[in-house]
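Shared chain: chain A. Partners: chain B in the first complex, chain C in the second.
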Partner chain A sequence: MKRLFLLMLIGCFVVAGGLLTLAQDTETITLTVRCRAKPPMEDWRGNNFILAAEELNADLEAAGDPRRVEVVINQDNIDWGDYVTEFVLSYGAGEEPDIWLTGHEYIGVQAEAGRIIPLDELMKEFPGLNNVIDSLWDSTMYKGEIWGVPQDAEARPLYFNKALLKELGWSANKIAALPGKIEWGEFTLYDMLAVAKEAVDKGVVADGNGFWTRPKNGPDFTAFYYAFGGDTIDAATGKLVFDEAAGLKYYQFFYDAAQAYGSMGCLGLGWGDAWHPGVSGSKVLFWIGGTWQWAEWAEAYLKDLGGEDYMWETFGFALIPAAEQGGQPNSLTHPLAFLISSQCEHPDLALALIDKVTDYGPNTRHAIASTHLGILKGQTEYKFYKVSRLLSEALYMLAYTTFLPNNPYWGSYSSLVYEALAATVGGDFTPHEAVDFVVDGLKRELGDNVIIR
Partner chain B sequence: MLRSKLKPTLAYLVLIVPSTLIILGFLWLLITSFSTRIEGLRSLGWTLHNWRFLWESPFGPQYPSIWLVTLNTLVMSLIMTLIVVVVSSLTGYALSRMKFPGRKGFLSLTLILHAFPSVTLLIPIYFVLLWIAKIPLIGRDVPLLGGFGYNTLGGVALVMVAFQLPFGIWIMKGFFDNISWDMERSALIDGASRFKVWWQIIMPNIKPGIAALSIFSFLTAWNAYLIPLTFTAGRAGKSAVLSLYLQNFISESVMTEWNAVAAVGLFQLVPVVLFFLFTQEALLNIYGGGKKGGV
Partner chain C sequence: MRGQLAPYVFLSPTLVLVTLFFFIPLIMVFILSFTSLDMTNFGILEWWRPVNWNLDNYVKIFTNRFFSRILGNTIMYVALTLALFNVGMALVIALITTHIKRRTGFAFRVLWFLPRITPVVVYTMMWRALAGPAPMGVLNKYFLGPLGIGGGEYLLNTHPWVFIFLVNGFIGASFGMILFSSAIEAIPKDYTTASKVDGATTWQTIRYVELPMIKWPLLFVTTYQTLSLLTSFEQIMLLTDGGPGLYQTEVWALTAYHRALTSYFGNTQWGYGAAWSVVLVIIGIVMAVIYLRVFKFGELVEEPKIDQL
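Up next, the complex of A and B:
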């Protein structure tokens, strides 16, 4: 009896030991990935991680690493404000995602709060990340460190409606030459407004529809401020900057556009019910949009008319014109970036996954489906990237691109500048009053954290 | 004679006009959900495409199935309804029948709490949920509910209960106030305990009240948006509920598929209609003074 008991005990130990060894062999680590993505165009943002996890597990097995990764994707098209709030609240509860995809401009505030980690050291073990276009890393730098891996980029071109320009009497050659003239600084912002006014005067477009920006606050407006020589960040101190002279020109431009050039009838419109139907429905001559909207228009608004084929016939795009003759045109890229939570227990695995999706195949899948620009060196040569005419033709814009600053106070700064702009467009502020409003507001709200020049 | 006929005719007319508007709305919803496009109430083509969310995720395989989301919503709504009805009945009974220090103050306080807009309390509640999440056993990993902390169905239900309780307590107190003391006194004289009196004598007499509170609570939870949005992660996360899921179809930046929205909206409506059908008899009998034929 005693012997039987002893045998059973030994048996139990052997089984337990075996199970323990097995468990050690297959330690499964769940990593959560949170993405904001418009379905179905932007689904690859999250879905790429499913494929990446398979690859990573194969790598881990080959390297004799006992860990295995299981990825949970949480992806939807929630509004940005709610999206950021959700991260902050879930971080406090320890429920935040390990990998969080967000606009690069949130890096400053999240880094200051200690919710994300710098990646410089970890990145040394993933040389594949060196393939990311060098200038894009600037967008994820904060206080001299890299805090995120760029996920995608885009250009914010000036779109123009070829059919409406033809109605104005422009020849096909003249229309085709427009992007080049803009690139060489021969067609300025005020030249554009003059054409817009002509279109309004001749009844080609309704009053207010000569030139449109986005209907709400957003990064596009900053590109115009840059065009007039403005700066947003002081390289030496990392503080925000507001340039009064550039600001005055910026507000004067929008004041003139709305009051004298039959433009800017766009502020306050709903995206889906008025803005997209307006620009895609040939009711607007010039407008600032994103390259990613090309896919939306083709899929959601113009499918019946022929989708992309119709769009190539009807729409053209160019850089945002220079403010003055011979000046520099620009664009603004607002890369989304993968950030890693400071509470993530396996940041090396999180970065390994990010490294996997930051490769030509996965990134091109996303770029093609969502018409975002590629982020990797030589991506235009990649076989499957080249199939997209838009991406190939727009990639040159990255050479002219600008960024939003990574600064924790950017939200307040941007809101103030936009409030003044909306009042200027509405005729409630003169350009001088707008500048005074911004300067007073910035001093009051940000104090020493902003430099007024 | 003419006058006696005119009165009901007028009454019907007054009822029919607003009812027609509501019925037309529902009819539009129904036709839209089965149409490719619609002109007024005329379908320009019939389709089942808008209902495809029932058998496949319209946003790709990574989005949770509508059935999981519906289960989440049902669990949250039932938990909330159960807690609100039980706690409100007990509290309402005590406030109606017993005299104790602070009774009036308590009543006033519940009314003040009800006056608070939920949005003003979101941040304090968040910290409460963080604290609850740390309590062993109930904070995390409770089957079906996930727990009672942040990003759990139980947590959202708990918050909803807190907002619904003042209303529930006042409603139930009103029902208890209208029940005659005689039955209760007789039972107490016969040796029944307070709890037995509450459960066996009083509760059966306020079934309409229970039904009314149940349906109000259920509807509040079923359609809740702000609280699930704030205290769960993602419209398609593990704790997503129908009102959040519906928002995936409505986007600020992408054209809304209204036909699909109508279909999901109708789907969201079905359990509410069923719930109403099962409780309408009780609801229509809402009156004070004990059960029919009673004292």
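Up next, the complex of A and C:
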């Protein structure tokens, strides 16, 4: 009996020792991933990491690396401003995510503050990242280094309502030809306003609904400033630039749109209760939106009417027209990018995860579900990418795309420029007053960090 | 010794709470208002060092092109909400519900109190839905549409101030309503009976008997609600967020919030926002002192002129 007890005791020690050794062999590392994602269309932004972690753990095991990864995903659809504040404050408290998905234009300010790390060296061990389209890396460069891995891209087209154009007397052929005319610079921004005014005059749309932009500040407005020849960054110094002549044309356009062409009744509207129902509900003739909103309208606003099928019949899209006849049309892409916190203890594992989700399968899942453009070379040939008609038809816009600048002071710059725009649209400022307001404000707030031309 | 310490022991929880959550934040906000702390230099700028303090934020506030509009909005918002609802309507409801059958008056006051006990976000979102475009918006669909008076589809964009007054007023009136009605009910019946015996009409009873006797609750509600309205912005933020036009419905407290805590591109300016709030605190203190002087608050806390019973 005594011997049996002794044997059992030894057995227990052996099992416990074995378990302990096993436990010591592997170390579980928790990596947090924070994404801004509109459910359900954009859920793959975070969810792809669940599959990536499984794959990475298999790789680690095969390579004899004792580390194992567990990912915690936190994604929701909060405002961009709150999203950035959350990262900065949580960084201060040492509770920031290891991987942070955000707009590329935030890189400048976060890099300057030392909250994220440059990735050039680490990336050498992940050749799969070379599949990312070269020009997209420009959006994540700051001071000659790469600080983020692009996650998606999009076009911000000029949408038009075919049904309303028909009401205005446009033939099907004329409507079908519109994107081409815009691409060749034969239909300008002011031509668009003229059609918008005609629609208002004939009662096809309500006053103010001829042409809409987004209702609040955001990247789209910069594309118009570019259209009028504006520049935002000085290549030589990396400083922000405000071009007075282009700015004047830019404000004149929005002043005219609101005061004389029955447009721009959109500023200040709520997204969910007025803006989306307005554009998707055929109350607006022309508007600037994003390709990702196509999925949103189909899913959240027009499902009952037939979703995408209805939308292909009713809506069309084109580049943002040129400012002058024969000029260059444009579009703006705003790539989101995965950044790695400088307080992350295992940046190599974080990048390994990012590498896994930056592959044809995971990225295409997200692109299709959210109607974002792909970011990988040859992705348009990928079997499962080709199924999306929108992504295929909007792809040509990437050739005309522009970016926002990566500069720490972009937030202040953009707020001032938008404030003047809202005042111009509201009739508080003339275009000249708007330019003066921006120039004064930029000089006061940014001093030597901005160049006024 | 023990007896001397006892009051301080009892006061200590309040002292600790007030120090932690009022005085220290107040001092920090005051210091921050002299710095340029924002998203770009957070963690870099040593904001606590006097060498980094200056008056730039205050210069920016008082030279802001939209300063007068924001100040005007604030004065209009506080004055009209206070006059029409928080004091005016509160007094009317209190007078009516204390001059009808007690139980009916009580039931009416309970109903009026419902918005106050509803979470503010839920309550404001209900108003947004009411004001929304047809077929969702009840006001457009069932009232304005059939009457043929239009009003536009987005009532919050065509008449933002109307909704701001209504949304704040319905909640604000309930506070005064409770205080005024309990004060009116506390007036000894002998006074009103005597006035009726003397042949006073209901209006004369209210004007010459009841109103003078609820002077102190009127003073308190006016003072308290002025300060409260000066610093309140949550309903406006949820309803219009200061829009629809540029600063069209932006009040001072909302500006402080916007500058310090929100921005599309994340350039939140904590120092600048703090300066807006410090000015608001100063305005609040000045207003409080004026009220106390004008209404002779000192008399309220004087020793009674008659012997204690």
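Simple rule for what comes next: the second predicted complex is superposed on the first by the 430 of 453 C-alpha atoms of A that agree within 3 Å, B and C clash if a C-alpha of one lies under 4 Å from a C-alpha of the other, contacts with A are read in each partner's own complex, and residues count from 1 in each chain.
The working rule: a contact is a pair of C-beta atoms (placed from the backbone, for glycine too) under 8 Å apart; a residue touches a chain by one contact, two chains touch by 3 or more.
All values reported here derive from a predicted model rather than from experimental measurement.
Per the definitions stated earlier, placing chain B and chain C onto a shared chain A by superposition produces a clash between them. By the document's definition of touching, of the two partners only chain C reaches A:Asp428; chain B does not. In the superposition on chain A, A:Tyr301 makes contact with chain B only, while chain C stays out of contact range. In the superposition on chain A, A:His276 contacts chain B only, with no contact to chain C.
In the superposition on chain A, contact is made by A:Gln75 with chain B only, not with chain C.
After overlaying the two complexes on the shared chain, residue contacts for A:Arg34 are found with chain B alone; chain C is out of touch.
Put simply, more of the residues of chain A are touched by C, taking chain B and chain C as the two choices. After overlaying the two complexes on the shared chain, residue contacts for A:Asp43 are found with chain B alone; chain C is out of touch. With both structures placed on the common chain, the touch criterion links A:Arg444 to chain C but leaves chain B unconnected.
When both complexes are overlaid on chain A, the residue A:Gly327 reaches neither chain B nor chain C. Of the two partner chains placed around the shared chain by superposition, chain B is the only one that A:Ser90 touches, whereas chain C remains out of contact.
In the three-chain superposition, chain B clashes with chain C only at 95-103, the remaining stretches of 41-49, 59-67, 95-103 or 131-139 being clear. Comparing the two interfaces of chain A, the one with chain B and the one with chain C have residues 79, 82, 85, 92, 270 in common. Only residues 58-60, 62-63, 126, 129-130, 133, 149-151, 229-231, 233-238, 247-248, 251-256 of chain B touch chain A when the two sit together in their complex. Interface of chain C with chain A (complex): residues 39-44, 60, 65, 128, 132-133, 136, 154, 156-157, 240-241, 243-246, 248, 261-269.
Residue ranges on chain A touching chain B, taken from their complex, read 34, 38-40, 43, 46-47, 50, 73-79, 82, 85-86, 89-90, 92-97, 270-272, 276, 296, 300-301.
Contacts from chain A toward chain C in the complex involve residues 79-85, 88, 91-92, 105-106, 109, 112-115, 216-218, 267-270, 273-274, 277, 408-412, 414-415, 418-419, 422-423, 426, 428, 437, 444.
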